[in-house]
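Here chain A shows up in two complexes: once beside chain B, once beside chain C.
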Partner chain A sequence: MSEKIAIGPFNPELEESVYFKLKADENRIVTDVEIINGFIHRGMEGLVTKKNFMQNLILTERVCSLCSNNHPFTYAMAVEKISGIKIPLRAEALRVVADEVKRVASDMFNLAMLTHLAHTHDLMKETMNIREHMQDLKEVIWGNRMDMSVNILTGTKYDLDEGKIEIILEKLKIVESQVRALQEKYENSEAFKEKTIGVGVLPKEDALSIGVTGPVARGSGINNDVRVIAPYSLYAIRPEIRPNVTLRTEGDVYARAMVRFGDILEAIRIIKDVVADLPEGPTYLEKRPHIPAGEAVVRTEAPRGELIYYLKTDGSQKPERMRWKVPTFTNWEALKVMILGDKVDNVTMILNSIDPCISCTER
Partner chain B sequence: MNIEEFNNAIKNNIVSQYTLHDDVDSYGNPNSWIKLTNKNDIEAIAKSVSAYKGRCVVMSVYRNEDGSHMLIYHFDIDGMLINVEVPLASDDKNFISITPILPSANWAEREAREMYNLEPVGHPCKDRLFLDPSMPKGEMAEYISLSKAQVGLSDTDILWNKVNEGIK
Partner chain C sequence: MSKEVVPKLFRVNTGSCNGCDVEFVATAFVDKFELESLGVELVEHINEANVLVVTGPLTARSEPFLKKYVAQMRKPYAVVGIGTCSVTSGIFRDSYAIEGPTDKIVDVDINVAGCPPRPESIAEGVAKGIKVLQQKLNGEATPKTLDMIFSDFTAPASFRGKIDLNEDMCTACRTCETVCPSGAIEISAVEGGFIHKVWHNSCCFCGNCAYFCPTGAIFNTNSFDTAKTQDEKYSEVNVGHINYETCSCCGENYMPPSRGLLGKAYVHDDVSKLNDAICPACRKEANFKRMYG
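The block that comes next holds the complex of A and B.
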């Protein structure tokens, strides 16, 4: 005897709008998975060709909230490549600081959701409380808790002075010690481990074949962190700030959570290193860029993995074609491997473990 | 792994002429471009990417003024980005799916089907990806934007031609 189970698209157990059709056997083991998307598709790739290059800085920041900084960052890199522009070193550093701050906040949000779904609510509350320091930091430095408006074409629109650097370092001191203590609690929580260890396994061979990136790849033993394999911005200029990535081989929900802890601690280290030796100079080029006909492919490491932008221009004020691939786009297919053969009760946990971003996927 | 090694791996398996442009990005990372003249040669390239344990990062598509399409597959092998241009003729809506060789191309090829009404022949999945089945395929070319219809185009036939296309 088998049963059919529908989850989503709008379900209290599900954080995002996606629809799962599952088939399960009498032991409530999933025997078939179907994923249906398309509930919030916004046609943004069409829309960006109707906006000029400046307007698209604002639009790309609104593709997604949690990795909102990565989109304009990567988009700006693509425009700058076509224009043949080298932005000031200080701007490269400032872009990296903002991006790593977002990474900490994003990864912590995913961990909080994971502990919520594991019904370990003390851990969830503590994770969110620590994350709140990063939200405060964003508000103080950039004036907003999500969209930071850091990037402009040819540099950054924000700068750091000694006072702001002191605020950043003070916050990071608190967050770092709290994150280390929190990680120990996760590692020692029997309730959390019971719900995550051996759950939603993605073997390395499948991870390679599907082409997953980010913490999902690293949880299955694959390091394709763009900051390491194809370093950009300050990661290319100063090799010492590149992350020492956390790799796990288990490929389960627990491994992916621990990889995110590694990412968070490395992000904190990177921010501290960069602000301790912030290059002098301007934060942007005064001259507006001339954007000739051309094409560029650039990529960055967002909190969920590789973000790639393809930009084609024709010499006008608008992109002829702009295309981007977000990490979740390829990570979705991995869910089928993770969910198949696992318990129905684990499905939402497994879904959360890829840190799915539907607003990114359904541009 | 470098682009010369990859070129040696593909050159005997590619039937038609192609060009290879070895490039680096602004930060010195290899970012090469291969331009195919025969769309079917993408299969040989996909096999080589697979042999090197590479992946299809994504595929970009754009429509040329004459109605033909260009597919650009973006592959990654150990951090080296290889962009492969696959031209389709204006009356050609089919291309060989490489998803059976590189499953990482799965969603990208399905999205080309939905957005540009191109058919990845041999793709293992026929399901829609994003758009409701009631919406026609080829969404990116289907409608005329309000801005295009309103701004500076009132003395052209662009809107009328678009409507006529629909009537045909």
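The block that comes next holds the complex of A and C.
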């Protein structure tokens, strides 16, 4: 006997809209999975060609507000590549600071959702409360809790002075010790481990053949962190700030969570290192540079993995074509491997464990 | 006697960039934001809900599903749209894939602009939604405006909130209009000058206008008082008048230079004395006469 189960499209447990049609056997083990997409499709690839380069700094930020710094960052790098512009060193550093701050907040949100779905409510509350420090920090330094509006073409909008660096370091001190304590709680919570260990397993061979990226890959023993294997921006200039990545081999929901803890702690370390030795100089070259015709491909490491931007320009004020490959696009395929043969009750949690960004993928 | 409401809330994401939904989760689960103090219950099924929270610009794909969900709700209910996207489709408005905003499909009661709104605004919006629901339950008419419910409404000075304009500094150069990603700024020529409008319900609070404005005339305040009733939707506008001056010499109208820019150029002079109501043409002529005449 088999049972048909639908999840979504508007599921209160999930932050984004997605529609699953599952088949399960009498033990509520998933035997077939169909995923229906398109709810978050906003036609962004069309929209970016209707807006000028300045407007697109903000529109790309709205591809996804969880990795909302990576998009304009990567987009700006593509424009600068086409224009042959080398941005000031201080701007590179400021971009990296903002990016790592976002990574901490994004990864912590994923952990909060995971503990929510694992029904370990205390852990969830605590994770959200610690994350609040990052939200406060973003608001105080950049003026918004989600969209920092950091990047402009040829540099950054914002600058840091001693007072602001102080604020950042103070917050990070609190967050770092709390995150370490929190990780221990995760590791010692029998309820959490029972829910997540051995669940949603992605074996290394599958991970390789599907080409997953980010914490999903690192949870299955593959290190393809772009900051390490193809460093860009300040990661290219200062090897010592590249992350020491956390690798796990189990490939389950638990392993991916632990990889994210590693990413968070490394991000904090990177921010501290960068602000301790912030290069002097301007924060941008030109507010509105000339952008010639050309083509560029750029890749960066978003909180969810590798983000690729392709940009084509024709010398006008607007992009001729912009296309992006986001981490969730490949990680999404791995869901089928993870979900099939697992329990129906685990489906939403497994989905969450790839930290899906549907708004990036469907854009 | 008035009936007590137990607000049962269901959230529908119609294509958000995550910003609003993540902030909603924060509002609901972080102690300091007190959504719980409103007695709100987050329900699992739409047919149990009496408060519908909508985020996102309403994509073509989610439109029929939103309709289907709304049809399952028992009346009366209140609808709270969260985020600029929900109010006007925001930055995505011009896309082929967008069928919004929300009020095309369902009668919205409260709009909360912001990109994303602060959790305090979200809580305020939900609180106002509950108030509307209460009034509906008691057979009262929906109010046109509502007073602020939460009193502690402060944001850090750095917060990018509602836009304001310093009319004296603005020269109607249209830079802000050009860089604004969501079409929130409209500058129109009228008799005697220009009108500069910023639509708070379209604005995504990005600060691009303020950053690129050459004169420093336009700026983000830290006001985030954006939870408004549907009746107030089209009056949330900042209107600035940029007037021509009449030349004291020839009587023609001309756009006076921005005092902000003059201040940058003449750092050692008193700018108010420099700007003696003379149009560029007359000024040139006077200069020419003085030097060669």
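Operating definition for what follows: the second predicted complex is superposed on the first by the 360 of 363 C-alpha atoms of A that agree within 3 Å, B and C clash if a C-alpha of one lies under 4 Å from a C-alpha of the other, contacts with A are read in each partner's own complex, and residues count from 1 in each chain.
The rule we apply is simple: contacts are C-beta pairs under 8 Å (C-beta built on N, C-alpha and C of every residue); 3 or more make two chains touch, one makes a residue touch a chain.
What you are looking at is a predicted structure, and each value in this text was computed from that prediction instead of being measured.
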Classify the contacts of A:41 with the two partner chains as first (chain B alone), second (chain C alone), both, or neither.
both
Contact-wise, after the overlay, does A:258 reach chain B, chain C, both or neither (first, second, both, neither)?
neither
Using the superposition on chain A described above, determine whether A:338 touches chain B (first), chain C (second), both, or neither.
neither
Report the partner of chain A that touches more of its residues: chain B or chain C.
C
Which of the two partners, first being chain B and second being chain C, lies in contact with A:312: first, second, both, or neither?
first
I'd like to know which partner A:50 touches here: chain B for first, chain C for second, both or neither.
both
Is A:274 touching the first partner chain B, the second partner chain C, both, or neither of them?
neither
Looking at the overlay, does A:231 come into contact with chain B only (first), chain C only (second), both, or neither?
first
Once the two structures are fitted together, what part of chain A is touched by chain B and by chain C alike?
38, 41, 43, 46, 50
Quick check: in the complex, which residue numbers of chain B touch chain A?
25-29, 31, 53, 55-58, 60-62, 72, 74, 76, 78-81, 83, 102-104, 106-108, 115, 127-132, 139-140, 145, 147-148
Flag every residue of chain A that touches chain C in the complex, lowest number first.
9-10, 12, 15-17, 38-44, 46-47, 50-52, 54-59, 61-66, 68, 109, 112-113, 116, 124-125, 128-129, 131-132, 135, 139-147, 149, 152, 157, 287-288, 357, 359
Complex contacts: residues of chain A adjacent to chain B:
34, 36-38, 41, 43, 45-46, 50, 77, 80-81, 86, 208-211, 224, 229-233, 236-237, 296-299, 306, 308, 310, 312, 320-321, 323, 325, 329-330, 332-333, 362
Of chain C, residues touching chain A in the complex
10-23, 25-26, 29-32, 42-44, 46, 56-57, 59-62, 65, 69, 91-92, 94-98, 115-116, 118-119, 155-156, 158-160, 178-182, 204-208, 211-212, 220
